[in-house]
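Look for chain A in each of the two complexes below; its partner is chain B in the first and chain C in the second.
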Partner chain A sequence: MSAELSWEIDGWIILAGALCAMSAALLGNFLVLRRQSLLGDAISHAVLPGLAAAFLLTGQRQGWVMFLGAASVGVLTVLLTELARQFGRVDESASIGVVFTFLFALGLVMIVQAADSVDLDPGCVLYGSIETSMIRKMPLFGLSIPRVVVTLGTTLTINSLFVAAFYRMLKVSTFDPQLARAQGVPVNFLHYALAGLVAVTSVASFESVGNILVVAMFVVPPVAAWLLTDRLKVMIVLSLVIGVLSAVLGHLAAINVPIWFGYRSTSTAGMMAVASGGLLFFCVLFAPRKGLLSQLLRQWEVSLRILGEDVLATLYRAEVAGQNAVRLVGLVRSLLVTKLWARIVIEFLQLRRLVSRESDGLRLTTAGRSRAQNIVRSHRLWEHYLASEAGMSNEVLHDGAERLEHFTDRQMRERLLVESNAPSTDPHGRPIPPEA
Partner chain B sequence: MNFVAVTLEFIAGQTAAVPLIPRSWAWRVLTLSDYNTRVVLYGTTLLGIAAGLLGVYMLLRKRALLGDAISHATLPGVAATYLWSVSAGYEKSLALLLIGAAISGGLGGLTVLALRHVAKLREDAALGIVLSVFFGAGVALVGIVQQDSGGNAAGLEGFIYGKAAAMTAEDAWLSGGAALLVMLIVWAIGKELQILCFDSELARSQGLPVLLLDTLLIALVVGVTIVGLQAVGLILVIALLVIPAAAARFWSDSLKQILVVSACIGGASCSIGTLTSATFAKLPSGATIVLVACGGFAVSLVFGSARGIVWQGLRHRRMRDQQDFQHFLRFAYEYLESQNNAGPFIKPGSVPIALSHLIHSRTWSAHRVLAVGQQLQKLDMVVMRPDDCIELTKRGWLAARRIVREHRLLEMYLLRETDVDLGQADRDADYLEHGLMPEHLMDLDEAMRAESLFDVPASPHPLLPETVASDLPSRVLPEQGKTA
Partner chain C sequence: MKTTVVSSVVKMSADAPLSVRDITVAYHRKPVLWNVTLDVPGASMVGLVGPNGAGKSTLLKAIVGMVPRISGEVRIFGKEYHHHRSAVAYVPQRESVDWDFPATALDVVMMGTYGQLGWFGRVTKKERQAAHEALRQMEIEHLAERQISQLSGGQQQRTFLARALVQQADLYLMDEPFAAVDAATENAIVNIMRTLQSAGKTIVVVHHDLHTAREYFDRIVLLNTRLIAAGKTADVFTDENLQKTYGGKLTLLEEVGDAMRRRDRSNSP
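Showing the complex of A and B:
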């Protein structure tokens, strides 16, 4: 069962959510990289007294005064945090905690005190009601566009202009503040400007999508993008894409998911945050290089290769000892692996035509024999080197060589040969086979 | 109720004319004669103490804001439990909601740990993610609750902003009990927590179960958080965990004292905040408690006995004065040396030292030299003469001799044992000499094999030539002012 989408309403809601997500994610990239992810959360709570003061002064919910109030409180938050940190030598997160709870509490008291004279619901500030905010429209370019969309669009434009204008400076001051200072980049100015824009973005989003969505969008899409890439420009673009995706998925989920459980649709803002969390979870698992799955696969790949080489070497040693074929059971016993792993490795080796399965057991193919010969050669050369040059005792030689043989190529073997005066046998007296 | 009117009538004493209820209500709050108020007060105070204690460990573990993520993460639990209990037909019970809150809060805490240690994200990012995503889920669920049961759901709002004043005695007992439990556990494993917080590597090497202790800390934070949901609401709970602990840092450097101070500040803010919010109209309890705590923080920041701005400033000043005294005396003595008048001590009045000489050698302002000279005069080390000259008293001369000796020993040591050049040695000795302890000097003596313990060795570098001093105008003080 699924709800009917009406583009007239849902289109605008998704657009507003996406604009908010992009405005926040754009700045969030720098917050996350500067290890100040929580500044977004702190500032978006702390602007409350600024909003309240602006309301009390102007009695309006719209207008430049409100943005000005919010931006100055945002800068004030950073200023107070720095002060508490410098004078109190409290660590940064604690001073953020002190400052933003103070400002939020102050704002809460102001709002409740003035509840009779201004119409401001703290609940609305927190959750936002993106759905109802679409009702108020204003004409622009001959179209009737929701006021919220115009506000958020303006915010996104301002943020983009800021990032574009100061991109290089932001980049340097984010990755190496000291270098930036030495180059004459106005590091402090950038810091406070960023804080001010974070505050403006929070306020622009308050009425439409609520506090919580911006807080999520400051952190979640940039972190997800960071998992996907190491390049700042790519990261910014990806974070914008992820922000838009969260908005779309979040709204669809808000409309559809509760219906599956027999309820009516729920808060879009909350669901957008959840959707971004879902996307992040996906990235944590499946990101190409930093993802958990790819890390696991890389580990498996390495262990598969190492075990495969061990199997080849075992077969080679058996062949030299006059044993023509080795049974799986023998391999399992001598390599101390489970049967399943041994089977997988042998399948893998057969696939690469290094090993063939005969009626009496496993044999090396010609290609397999030369691979194996080189591995055993590396092993014995290392043993000789470790004994003669590194002075290791005979008991530990094997373990060292066993590890090193898997990461030794032809050049390294030639080097070893030169360094240890071209030995013909290893310390145990076994011949070192020639290069295959 | 109109508080202003009530107070006015209090002052005027028009007891009979006003309706009894508002005034007697305020009176009952203030005198704690009301059972409910009393229990709520005890409940929140215990909460403040527990949070204060726990906050110190969280601050030391550099996880101050973990509580914020956990408290936000309780919302989906509360809302989900509410939905479940409604659909299952149970009465809405606080205990049930709090269990739901504890479960999802704990889940949030563990997610932070997982994001940090498994996904290798940074702490701040992990906190921000858990905080916003869990809270977003909570908001979505509350959205469902609101459409489902309209007015009833208003109870959930209290969790976000706190509603200590509306707490029932039963709620307060529950909170107080949980807070007591947290305190007991903190007390029982304080030693282990201390090691964990100061040096987690040491803790690991001593065989302490670090991961278990971290998890336990999270559990305790969850405990404080669900208690705090009632009193201050989930957004401001973090204030109780951070502010008292951060404030207590200004008062002491010893963990025990910090714990005591933090518990006191936490308990006091909660009780004062609860009372204030119950007495005055339109003061939300959570915000009031936090503002009181912030007041405590501000007072600590300024007046704290260990790190407060005032004491630190005074200490700085005293130290700077001490350094200036030493430099002043040393240059006075060196001047005497340059006049071949260093010793033995000659009676006051015989060898005047021009202030202009001191000004030149230290690049001090004339004002500063005058001030230091006057302070030294008070200490009976220097006599100021009307002709802009000073004389050393016996006391001052002895002190100067000791200071010069220390400076030169240090210089010679630096020259011999490190590869600094002459000018550098003078400057380095300038920095180091003020922090010297008697035992350091003994070591220096031994290292330099000084013949006598009381001899002043000759300076290894030429002293300021006296011609320069005499080049300066003799009357410098009023004219040159601070530019000298």
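Showing the complex of A and C:
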């Protein structure tokens, strides 16, 4: 089923993809945390006129000239955005939108004008061609290494050095620019340097994933990583891991998935973006605290606890009324829940040894009785409080207290007692049981 | 930074923790602060009081250079702010930062030590201990490892205060530290302010509640675009001054401000 992998080709492609993803994700963490994800998008488009200008001025298509052109346009993008925001009085995303479409269009015009002399292929600019870029190799340390790998490796090194050297400054100026300025951090310089490096990373990624898909690498791995952790350092490391995973999964998917459906293998760059999107989706669902599943589980846990307490209170009230055991059917009827839910809750209560199942129905254990007594106590204290202090009418007292009783601990009961002058009965005349 | 005991009035003015001369600040040409002059003596606790939009927060921001001023000057212990940053701890409004940022309460407090620690040195035990000590003073040491978005509003405010404490400043500028916090937090903050004051520090606080202002602060600054009055609480809190501050006597100034803004708009293309 799966295509044959060759380290000579596939190994380099995956490495190039991984280096690109890591370079972009590293900077992307700070873009995402500054709520400036759009800036990555903007700069990667806006570098186009920089490249065209650098080429037209020098006639060179390679090397540091292009990077210099790109970096200066990156800084220019931020500068123009800031100007548009201040003088146009529009919000930041609108001014970014205006500036980068303007620059991108300018770049396209320049490329078309120079089309006779430049072999800049618009398609290649947009989504790169990681597969063919492996052909051009250069010797390094006695090895023959694809040029694109060397370029991306250098970019990753530069970005890593930047983040490592300015880590503390980046952290403070991202969280609280005011504090950073007060402590003498060159906040603006850092912002422009970040923009410049984003531009350099975009250009370095042109040949591999193209300047549209690099946007995915700026944004998606950091966002996914943010879902998984609450620590900046961990987030950065995780974003790198997710970037590498995107490259590996993306390449494997590119050469395998289309074949399953009878097509030729597809572009690795495209699949990398798809893979990172898939990883993000996975994180959205299954992230430990912020994921949908864990939120759902927490909600279930709360409803299970509340219903469990309602069952205990019902058993307690029945016991006080002289009824020693309550059948499941009776519980289902009085609590208005489905039979299945009631069974689950009772299993849960039995597991925690709060109720026991006898031949004539459910009974409270000693521990269960204490819990139940405190719940009923909370309920009646709240009823009294709501009636005397909040002036609520008798008909709505029960519903109010029914909700509050589940969130009332011993300390709060004591305060209730003090604030409503230690009542002995609730407004309906029923006795308030003592603390168990 | 140690201040020597001041003996003469002249010297006091020169070395006052905070001295503001004729500050004017405008947003889009509309004046927010107009010719404000203010001296804050050492070891005092000053409440900055006035209605919404009176420029209280702007005054603090102008002092630390966060908003540009059209005219006037600010002296911190007789020097310009940017020569004397470490002497000042500014506590911004709680909403000014994104609390979803991946950091713990301890991380945020540690940020306060960076100014003295430098930006490239290693974090040592000393800084970590100082951060824990500050959290303990604010009674939230048990929350040190808690993600900041998981803290209540009051706990977030305490975290900000703890961060200001580790900065070991001599002048504290706090922008509405009591906004939307619980009573226990308000007490804790007032207590820490009194502790700072008795250690000779100076505290300037933007405050909204007139009733508690009388109780908390030994000096009051009444502000409504212009400086209305400044001085000892008992002297400043007069009906006349409050009427001037809150009684809408600034309509003429507001009108001229609006007129300036309108002309500015119609002139721009």
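A few remarks follow.
By definition in this document, the second predicted complex is superposed on the first by the 417 of 436 C-alpha atoms of A that agree within 3 Å, B and C clash if a C-alpha of one lies under 4 Å from a C-alpha of the other, contacts with A are read in each partner's own complex, and residues count from 1 in each chain.
FYI, a contact is a pair of C-beta atoms (placed from the backbone, for glycine too) under 8 Å apart; a residue touches a chain by one contact, two chains touch by 3 or more.
Since the structure is predicted, the reported quantities are computational estimates derived from the model, not experimental observations.
Aligning the two structures on chain A places chain B and chain C in a clash.
One of chain B and chain C touches more residues of chain A, and that partner is B.
Once chain A of one complex is fitted onto chain A of the other, the partner contacts of A:G322 are absent, as it touches neither chain B nor chain C.
Touch criterion met: A:D176 reaches chain C, while chain B stays clear of it. After overlaying the two complexes on the shared chain, residue contacts for A:G270 are found with chain B alone; chain C is out of touch.
Contacts of A:P434 after superposition on the shared chain: neither chain B nor chain C is touched.
Applying the stated contact rule after C-alpha superposition, one finds that A:G391 touches neither chain B nor chain C. Once the two complexes are overlaid on the shared chain, A:R35 sits against chain B and chain C alike.
When the shared chain is aligned, chain C comes close enough to touch A:R168, but chain B does not. Across the superposed pair, chain B and chain C both touch chain A at residues 35. Those residues of chain A lying in contact with chain C across their complex are 33, 35, 165-166, 168-169, 171-172, 174-176, 178-179, 181-185, 226, 229-232, 234-235. On the side of chain A, the complex with chain B involves touching residues 32, 35-38, 40-41, 45, 84, 87-91, 93-98, 101-102, 104-106, 108-109, 112-113, 115, 122-123, 126-127, 210, 212-213, 215-216, 218-220, 223, 254, 258, 263-264, 266-267, 269-274, 276-277, 280, 284, 290, 292. Against chain A, in their complex, chain B makes its touches with residues 59, 62, 64-65, 68, 115, 118-122, 124-125, 127-129, 131-133, 135-144, 147-148, 157, 160-161, 235-236, 238-239, 241-243, 245-246, 249-250, 282-284, 286-288, 290-291, 294, 297, 301, 307, 309.
By the touch criterion given at the top, residues 64-66, 85, 88, 90, 92, 96-98, 101-104, 107-108, 111-112, 114-115, 119-120, 147, 163 of chain C touch chain A in their complex.
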